[in-house]
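Presented sequentially are two complexes of subunit A, the first with subunit B as partner and the second with subunit C.
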Partner chain A sequence: MNEIEHYVAPSSLEQAAEYLQRSGEVTLLAGGTDLMPQSQSGKLKIKRTLMNIHQIPELKGITIEGGEIRIGALATITEIMQSELIQKHLPILIEACDQFASDQIRNAATLGGNICNASPAGDMLIPLLVLDAEVELASKPNGSLTRRRLRLTEFFVGPGKTRRAPAELLEGVRIALPPPHHYARFFKFGTRPALDISTISIGIAGVLNTGTLSNVRVAFGAVAPVPTRAPRTEQALEGRHLDAAAIDAIAAVARDEVKPIDDIRATAWYRKELIHNITKRMLTHVAQA
Partner chain B sequence: MNGAEKKARFIAPDTLIGKRIPKMDAPEKASGKTRYIHDIDLPGQLYGKILRSTRVHALIKSIDTAAARALPGVHAVITAADIVNQRPIGVAKDHFPLKTDKVRSLRDEVAAVAAESEQIALEALKLIRVEYEDLPILTDPAEALKPGATLIHPEPRQPGGQDALKPSGPVAFTGKPDNVAMRFDYCHGDVVQAEAESDVVVEDTFKLHYVTHCCMGVSGMIADFDSSGNLIMYSNTQVPFLHKREFAEYLNMDPARIRIIQPAIGGGFGSKLDIYPFEVICVFLAQAAKRPVKLVFTREEEFISSPTRQPVLLTLRSGCKKDGTLTFRVVNTLHDNGAYTSWGATTPFVMMQTFSSLYRVPHCDYHTTAVYTNNPYAGSFRGYGNLQATFAVEAHMDKLAEAIGMDALDFRLKNAQAQGEVTGQGMEFDSCGFKECLDTAAERSDFRRKFAENLKNRNSSDPIKHGVGIASMLHVGGGAKIYPSDGCGTILKLDDFGQVTLITGASEIGQGSETVLSQLVCEELGLPMSALTVVNNDTAITPWDVGVHASRTTFIAGNSALGAARLAKAKVLAAAARKFECPASDLDLRGGHVIKAASGEALIDLPRLMRNLHFSDKAELVMTTFYYEPPSSYQDKRYKGNVSAAYAWASQVVEVEVDTETGIVKMTRITAAHDVGRVLNRLGIEGQIEGGVVMGQGYALTESLIIENGVTRNPNFRDYKLVTAPEIPEIDITFIETMDGEGPQGAKGVGEAPAICVAAATANAIYNATGVRIYGLPFTPERVYRALHGKGEKLVPLTAKAA
Partner chain C sequence: MSLKHDIEFTLNGVRRQASVRVDMSALDMLRDVVGLTGTKYGCGEGECGACTILVDGKSLNSCLLFAVDCNGRNIVTIEGLAADAKADALRAAFVEYGAVQCGYCTPGMVVQASHLLATHPQADADAIKRGIEGNLCRCTGYKKIVEAIASVNAADKQGARP
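For the complex of A and B:
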């Protein structure tokens, strides 16, 4: 039996932060698409208080503010997919949404949940990493609402573990508007086109200039304990003219850089092969773009 | 009728046969009104839960249930020690519902609880302490056969221990000197001689995996005793009449006191053909608690403790002559039986038919050893061994054709069975559209052209390769005589309003039998579908039927319904003949009326005639009964005989795209040609084919129950990957109507057929695309990728001795 003793649904960020500050024993509920299966299977125990964060207005919406796009933690995958702002400025996020779960799940699943769940296979995390997104955390340590920002690359600590303190809420993410000629693509490999967990996933972004990428960011999913940037691959790719030999060489660096594990979905060997072959495929597309 | 003037009314002939008739239960199901076992609650009902083993193979040293019993809301806690004279269940009677001295697999039932809520029952399970002593684990059937291997069911069973049956107990399983659960040996002709005379011989080993049924409705039942001690079971069984008898045996009851009511069943596919421990345990709980007990599985439990499709290791050796004549086949298989014996062990009955009789094979040897291990146990599953057998046979049809340089289709046509043939196994093909199936599937898919084109493109630089493959199947289509009767009874009642109640022994498990049976009756009685009500789910009402299996319901229950309808029609026409003073042969039934057969002129509407009959001085009701027994025969001890009254045939062409850089195989099109005898309900039969094809697709590409060291690693739909809508290819279906002489309106069974050859054809398509043949299933991206890179699994051939 689940021993949830209290259920709260604060209607402002202040209230929520205050509650969190007072009582440590709180589990936050957003879409519940991770929380419910995990608590049912015993992987996660819901704490004494369940806080539904859906009534908190500050966590909602997708806006553009001072050269930044802000996506509220409660934005659902469906909302992101249908947002014209995202479509215009950050189409790589749409690509990820399009391969995310099923319609039913997308309607409930939130971006904040995907980030705080911190799965190495979380599909929104790879595009956010190559967009160099920042997370915005809110808390009320000494009577007043305090916010801090953290680069997403620094946020993940391990599977399901982040630098979010128990008294903090994820308010949203902020992404600087990409520069002109920005190129960003996401690829997810699973055995089914719908409802599958990534065997591996790849994000590549940079500024495209006659077949070369600069300011390169590359991230890989499901090949390490956390979704991770790939600095060696980025270095190999930075400014490099993408002919066949270069693409082969960069793909080989990518394969060597990742350290996946064997699990029931795939072996480490196969994951490395996929990283190699799909990186190559994606870079071939870059060269043709 | 308005006005006095009566104008003669003529009713034109019409037929329901071959029409697209929506399933009668579809509106209820689509609107969420269908009541499944989950939706049924009895007053005073308790909730049952089962404590399963946490060890794969271990002695049970002690079970402490005191704390569970003390939990408020708990009404009964039972273990084997609480059941007097517990009897073993299952096909080989080797399985105690509640385990006594030993657990033999991770699914094993150790204790059970009945409580006022599911939560309390679950809480109680947590309070039960079981002490185990681990035994060596056997999960490889080949290891299990080696001398000195740990015995799963040692003999005698633990002298003095709880497993030893009491002298007063029933005759039952007493253990085994080795781990062999069952053996099958079949032969016709002389394979040694035939091999010597062959120009080409090929041998390969195939490995077929675990999959499970994934019924949308999980297993469950309610057991309820009335105050006279009669047992009413609300059950999902596919075989209510067999179970009534068997339950009586296990419960030490008079079968007359057991009644089985089947709520709507959320899918069967063979999974509900055996009696499982949970069912007997649910009855034990109801006995102990003296309250009705409902026990419904969670999805995880369904994955862990339901039977699987039979996993098989199989070595096939085949030969042919240069002119393309098949010469022989030798088959050795090792069946992983799991810890207990269910129907999976008996799949050789069907497998050997495919080896001996799908194509003309003059010489055939077939051997199976089913071996106990500590794995989950295998049951019956749509296709019953035929998916596995067809996978091997059709790989060799391609290989032999290639070896002698013959076209794959010509080679098959040359060896295909034809009408009138009697096979080495004694099967008699009174109707056989096999060659038409081959030709049709090949033509509609443009098989020959694509096959040649793909071969040419194999070495192109495009990483995506295209492939096309063909495979065919033979399956019983007129029942299967394996019990004392393969029959089905029908009661037909026509009421005062011309409404018909069809009371049939045949269960509806989603396959659409209600609709097709109604259709046959309506066709005979000249009535619209709306005139029919079907009662088919209560052993206290319905006449006997052997159950839903072997694709038999349309054929057997159809003939039975037709028999009853014909008797009713004769009665009605006789009454009308008396009334209209003409010979009955001048009359017919059409459009709800008695008509003049020659002109179609309506004489009287059926309700009026029925009331005339009923409320006359010679009051008569039209109620008929009919029992149909097919003209099939038992196999003899050597597995020979014409076991079915008709046989179904099919050929399917599968087209794929193989991404050689990821190993992912995409099915783009399936062209299916099925000899179904005759199409009765076109909508229903298309649904059966599509559903079966998708089940075959899952078997071929994505579905796999991963068992490691006896542990099911993926008991959930996240990691057990069913095919989802976007992957379903375009399916082109053609029906070959051979009008079987014995079938109802010429129809044959089709339920299992569509799932059978998809994997086999897919393997051939991947080979056509890439030049690489993969001998194990499923074709997951990683398996395919490994095979393409020379890292495929190496399978050790089985010799006759090893098997």
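For the complex of A and C:
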């Protein structure tokens, strides 16, 4: 049972940050699609104050500013999917949105919620990791609004745990515009296309030049306590000409690099096989691109 | 005694006020506070779509929506769709095609179908299946449901021609 003492719905970022600074015992509500089932099932207890951040204009919108795309924390999965900016510059995010839950959930769930929920299987997190996304955190420690940026790779510390301080609010994510010939793909494996939590997911990105990827980023979902980059796989892939033997070798590195667990969705062994086989398939597509 | 909060919103075209528990879902508010029971509780965790409603023109699972978050918003439920000509065509098509078995998923299915037709007027059978992927029919009567929705779309397209 939730013993909520206060409900607040600030109308500006300043107000929200001020409130968070004064009171540490706050649960944030955005889309609610995770908070509601988690609080109803008792997995998560809503703290003394429930703060609805839905009406804060600074957290909305998808814009391009100084060579970066900024996606506000309150952007819904549907809004990202329909954004011409994202379709043009970051199509890998569209791939992830397209496989995200169902229409009803995409219409409510926010990008900020997916990030702060910090599930190892969070659908948007893998593409964001391979895009070198940064999170923007706002707080009001000394009476004035201050912001810090953190690379998303450093943001996750465990399932449901992030480096966001209790007095901070996730304002949005920033992604540098990809360079020419940028290649980025996402693959999610689940038992059915809709409403499934990933058994594993894979993101691969880099600059493509005649069958070779450079400046490589590889990330894996649902194989570790946090969504994670795969440095050994990246190193194996970097600058390598992708013939059949190379693809086999890199897929084997990927399989050996991940340390998944057995759970209700799959065994560790099966996850390692999936990582191997899907990495191989994705690299075959890279070689043909 | 859990904390309550007063909210005001538009429900099926009419301004409403309600006093709701802050941890209450919009679904519980609709059924237990307002008294509109057309919207169904299926799973309570956004998997089945039986509780689908329209909020500011977008379809949402009302079981995942906090009732307090309805403040200032425009809510349409299956009862509100009854007054909408296009939704009435959907209702008639569900009857004509036998797209109703036990009927429990039907309100959510019709609300989601009307949102789908409003946002994707060109939807073919595949797009309709994608559009209702968040709605489960445990009688598994999907074929007739998809046919019913497609028939409304086809009739629309014909009617639109001069």
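Note that the second predicted complex is superposed on the first by the 288 of 289 C-alpha atoms of A that agree within 3 Å, B and C clash if a C-alpha of one lies under 4 Å from a C-alpha of the other, contacts with A are read in each partner's own complex, and residues count from 1 in each chain.
Here, contacts are C-beta pairs under 8 Å (C-beta built on N, C-alpha and C of every residue); 3 or more make two chains touch, one makes a residue touch a chain.
The shown structure was predicted, so the numbers you read here are calculated from the model rather than taken from an experiment.
Visitor: Classify the contacts of A:Tyr183 with the two partner chains as first (subunit B alone), second (subunit C alone), both, or neither.
Guide: neither
Visitor: See if subunit A has more residues touched by subunit B or by subunit C, and give me that chain.
Guide: On the superposition, C touches more of the residues of subunit A.
Visitor: Regarding the shared-chain residue A:Thr78, is it in contact with subunit B (first), subunit C (second), both, or neither?
Guide: second
Visitor: Touching A:Tyr19, do we find subunit B (first), subunit C (second), both, or neither?
Guide: neither
Visitor: Name the contact category of A:Ile264: first (subunit B only), second (subunit C only), both, or neither.
Guide: The first partner, subunit B, only.
Visitor: What is the contact status of A:Ala9 with respect to subunit B (first) and subunit C (second): first, second, both, or neither?
Guide: In the superposition, A:Ala9 touches subunit C alone.
Visitor: Who does A:Leu50 touch here: subunit B (first), subunit C (second), both, or neither?
Guide: A:Leu50: touches subunit C, not subunit B.
Visitor: Quick check on the superposed pair: does A:Ile105 touch subunit B, subunit C, both, or neither? Answer first, second, both or neither.
Guide: The second partner, subunit C, only.
Visitor: Go through the superposed model and pick first if A:Ile278 touches only subunit B, second if only subunit C, both, or neither.
Guide: After superposing on A, A:Ile278 lies in contact with subunit B but is clear of subunit C.
Visitor: Which parts of subunit A are in contact with subunit B and also with subunit C?
Guide: Shared contact residues on subunit A: 1, 37, 102, 193-195.
Visitor: Mind listing the subunit A positions that touch subunit B in their complex?
Guide: Its residues touching subunit B are 1, 37, 102, 189, 191-197, 199, 264-267, 270, 273-274, 277-278, 280-281.
Visitor: Using the touch definition from the top, list the residues of subunit C that touch subunit A in their complex.
Guide: Contact set of subunit C toward subunit A: 2-3, 5, 22-23, 25, 44-47, 49, 52, 58-61, 63-66, 68-69, 71-72, 112, 115-116, 131, 133-135.
Visitor: Under the stated contact criterion, what part of subunit B meets subunit A in this complex?
Guide: Going by the criterion above, the answer is residues 119, 122-123, 661-662, 664, 702, 706, 713-714, 718-719, 721, 723-727, 780-782, 785-786, 789.
Visitor: Enumerate the contact residues on subunit A facing subunit C in the complex.
Guide: These residues of subunit A touch subunit C: 1-7, 9, 29, 31-33, 35-37, 39-41, 46, 50, 52, 54-55, 78, 101-105, 107-108, 193-195.
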